[in-house]
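In the two assemblies presented below, subunit A is common to both, partnered first by subunit B and then by subunit C.
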Partner chain A sequence: MRVLGIETSCDETAAAIVDEARTILAERVLSQEALHIPYGGIVPEVAARAHLDHLDGLIARTLDDAQVNLADLDAIAVTGGPGLIGGVFVGVMTAKALALAAGKPFLAINHLEGHALTVRLTDGIDFPYLLLLASGGHCQLLVVEGVGRYRRLGTTIDDAAGEAFDKAAKLLGLGYPGGPAIERCAQAGDPQRFPLPRPMLGRPGCDFSFSGLKTAVRQTAQGLGSLTDRDRADLAASFQQAVADVVADRAGHALDQFGRQGPLVVAGGVAANATLRARLKALAESRGVAFLAPPLRLCTDNAAMIAWAGLERLRLGWTDGLDFAPRPRWPLDPAAPKAVGAGVKA
Partner chain B sequence: MSNSKTIPLSDPARTEALAARLARLAEKGDVIALSGDLGAGKTLLARAFIRAYTGLADEEVPSPTFTLAQVYEGGRWLIWHFDLYRLEKPEHALELGLEEAIDQGVVLIEWPERLGAERPRQGLSLTLDFVADPQARLARLEDRGGWAQRLERIGDE
Partner chain C sequence: MRILALDAATSACSVALVEDGRVLAHRLKVMERGQAEALMPMLADALDETGLAVADFDRIAATVGPGAFTGIRIGLAAARGLCLASGKPFFGLTTTRAVAGGVFADERPGMTLVTVVEAKRAELFGQLFSPDLEPLGEIFAAAPQDFVAHLPNTPLMLVGDGSIRLKDVLRGPNVSWSRAPGHPDAVQVALGVAERADQGHAPLPPRPLYLRAPDVTLPK
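== the complex of A and B ==
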């Protein structure tokens, strides 16, 4: 069984082919990061146009890499949301056209489900497991009970983790994307110098909050006047430490609620942060549970995870109609209790 | 009739109370533009506004920085929440459906400056400024069309 996956929901144009033996036969990613650097953030329309320009050729090269034809595939899977709607449209229309032309099943995949199931592609683990998904648009803790079965334990009540990194980097005059920029800058910094708040730390439950931390970074930076390189490094390190403390605290609560011996799995671009990974690994070790983090290239947005989620669904006999409409909001667990006092990233 | 008003907000709860007051005065076709630096409290204010407007006290209101726009039901008309932080070209707001949203109900816009000359000339402009007390903000409200009388009724009660 072989499935082609397409991912265009944010700033990467990506295609990949995976098979049932958990092999990634081919994968190609065209990062639009270089296009976005002048803007200090992802620019939605730039993203949609660039996806449109590059996706066809990228798919053709991916098929060549895997030495397969469309006829050799068992299905076409594509990110159907959530995400920037222009980009999602480009991917979905392309996938529908391919499915129709080749007479193959079409699968619209929730981008978050792609992240949630990645560890089954990389490590082949069984359900259930606890997942921390931390990216530019999301920060949530989920129990992954099965394909299509997700129980949200907590989520951010304001900004996503990656959004906090991006905005803190902007406040410090660092570059985009904010995650790597903060991490690089923080390497030489003293994480103890600035006592930034730890929103939600010690509070019951598993919800996150990062908005107050962003405001504190702003006020600290303003209090210093003009920032020296030392100030920037120390503030970046203090910020990163605060995020890691909060995330580890919330993940600890989630492990309590999960009530099983793990494993704890991380996914999403923020999982690339080494300080955060180390904290979560230490948390897992202190609880005696396994800690799994897929390789970085599969933690950030990619098409292999979409192909894999498509394959998992196809195995269960689930496919989607060609009348599927892209979904800018698409919660994995629509039944999740609302995070009280909060705005929530779906 | 005043065209502008300045209201000191001593803490986030006051910001939320102002938002609820504005929500009760909002009418179809209103554009409420929210300005202020990163961390000033625009999303906090928008969230309180949406909750008051829809009457759903625990409605989930994410920062729409990632998705650019969210829409909510539950009030008399739809309420749209735009965050244009990542918008580079003003004309792209048209592709987001800003004009249609204004036709449908009440529109909150964070980072309205991103619209440049495309910025709607109607409704209320609200700017949150930092002051010495880190908990406090100064709200500057300005009528951009249709709000002069309603501004009279805010903050003096």
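== the complex of A and C ==
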């Protein structure tokens, strides 16, 4: 069983082919980062235009890499949301056309489900497991009970974790994307120098909040006046430490509920942060559960995870119609109660 | 010569399967949004009616714009996917040419055809055509009150989903309004690309004709 996956929901144009033996036969990612850097963030219309310009050629090269034809595939899977909807349209229409012309099943995949199931592609683990999904658009703790079965324990009530990194990086003049920029700058910094707040720390439950932390970074930076390199490094390190403290605290609460039923898994672009990974690994070890994190290239947006989620759903016979409507919002656990004090993102 | 044609660029969604100028199957729905859901089921339905597969066609055609940015991409992403899967070449047509093709034969003699495409902005897109559908100049963007300056002093036949916005600024004995529907139709896309190819024009590539930069400003 072989599935083509397509991902266009943010600023990476990606295609990949995976098989049932958990082999990634080919994968290609075309980053649009250089297009968006001048604007200091992702511009949806710029992203959508670039996806259309490059997607079909990228898919053709991915098929060549894997030395397979469309006829050799069992299904076409594509991110159907959530994400920047202009880009999602491009991927979905391309996938529908390929599916129709090649006579293959079409699968519209929740991008978050792609992240959530990646560890089954990389490590072949069984359900259930506890997942921290932290990216530019999300920060959630979920119990993954099965394909399509997610129980949300907590979510952010304001900014996503990756969003907090981007905003802090912007405030420090470190540029976009903020995650790698903060991490690089923080390497030489003193995480103890600035006593930044730890929002939600010690509070019951598993929800997150990052907007107060961003405000504290701004106020601290303004209080210093002109920033030296040392100031920037110390502030970046202090910020990163505060995020890690909060995330470890919230994940600890989630483990209190989840117990030792399965491993702690981290996914999403923020999982690329080494400080955060180290903290979560230590937490898992202290609780006697395994810690798993997919390789970095499969934590950030990619199409192998979409192909894999498609394969998992195809095995269960769950395909989608060509009338599928792209979904800008698409919660993994629609039954989860709205987080108290949450904004529109929760 | 079989042509598979699509349009989702403006206020409609349509599919046409055409062989040597004869329509084998046709689907059209007028809609402001929802083309991403509607387009491929309409194509699947039309193919079923004829018993043909995508691979049985010689050319894949679609409108390239101008129109709604998302709508243009819906049609072009689908067309590019069909080309990739079938290995068949792409033939593009402007929405203005597709709309002009819809003007009825008895409305054309002696007229300058004025196509007006709605852009959901202050400005409209326009292009002039001769009665036999030769473009008279490039596509332009103009607000309704400025549109008049682009028009010649000849009898005019207006057509297109944006033409309604000119009702207040264009009057007089020289001005007529076509009975044709204002949106592009995939039948006209198929016929239009065939005519242009027969006239020796190189096919338009599957690149969007946005005619407007993204709404974004560089940070100071």
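Note that in this section the second predicted complex is superposed on the first by the 343 of 346 C-alpha atoms of A that agree within 3 Å, B and C clash if a C-alpha of one lies under 4 Å from a C-alpha of the other, contacts with A are read in each partner's own complex, and residues count from 1 in each chain.
What we mean here is this: a contact is a pair of C-beta atoms (placed from the backbone, for glycine too) under 8 Å apart; a residue touches a chain by one contact, two chains touch by 3 or more.
Small disclaimer: the values here were computed from a predicted structure and weren't measured.
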item	value
First, second, both or neither for A:Gly86, with subunit B first and subunit C second	both
Touched partner set for A:Leu100, first subunit B, second subunit C, both or neither	second
Contacts of A:Ala278 with subunit B and subunit C, given as first, second, both or neither	neither
Contacts of A:Gly136 with subunit B and subunit C, given as first, second, both or neither	first
Subunit B/subunit C common contact set on subunit A	39, 43, 45-46, 86
Of all residues in subunit A, those that touch subunit C in their complex	38-40, 43, 45-46, 48-49, 52-53, 55-56, 59-60, 70, 86, 89-98, 100-103, 321-326
Residues of subunit C defined as touching subunit A within the complex	34, 36-41, 43-44, 47, 53-55, 69-70, 73-74, 76-86, 207-208, 210, 214-216, 218-219
List of subunit B residues in touch with subunit A within their complex	37-41, 43-44, 47, 58-63, 65-70, 85-89, 92, 95, 130, 134
In the complex with subunit B, residue positions of subunit A that touch it	39, 41-46, 82-84, 86, 136-138, 156, 158-160, 163, 167, 170-171, 211, 214-215, 217-219, 222, 328-329, 338-346
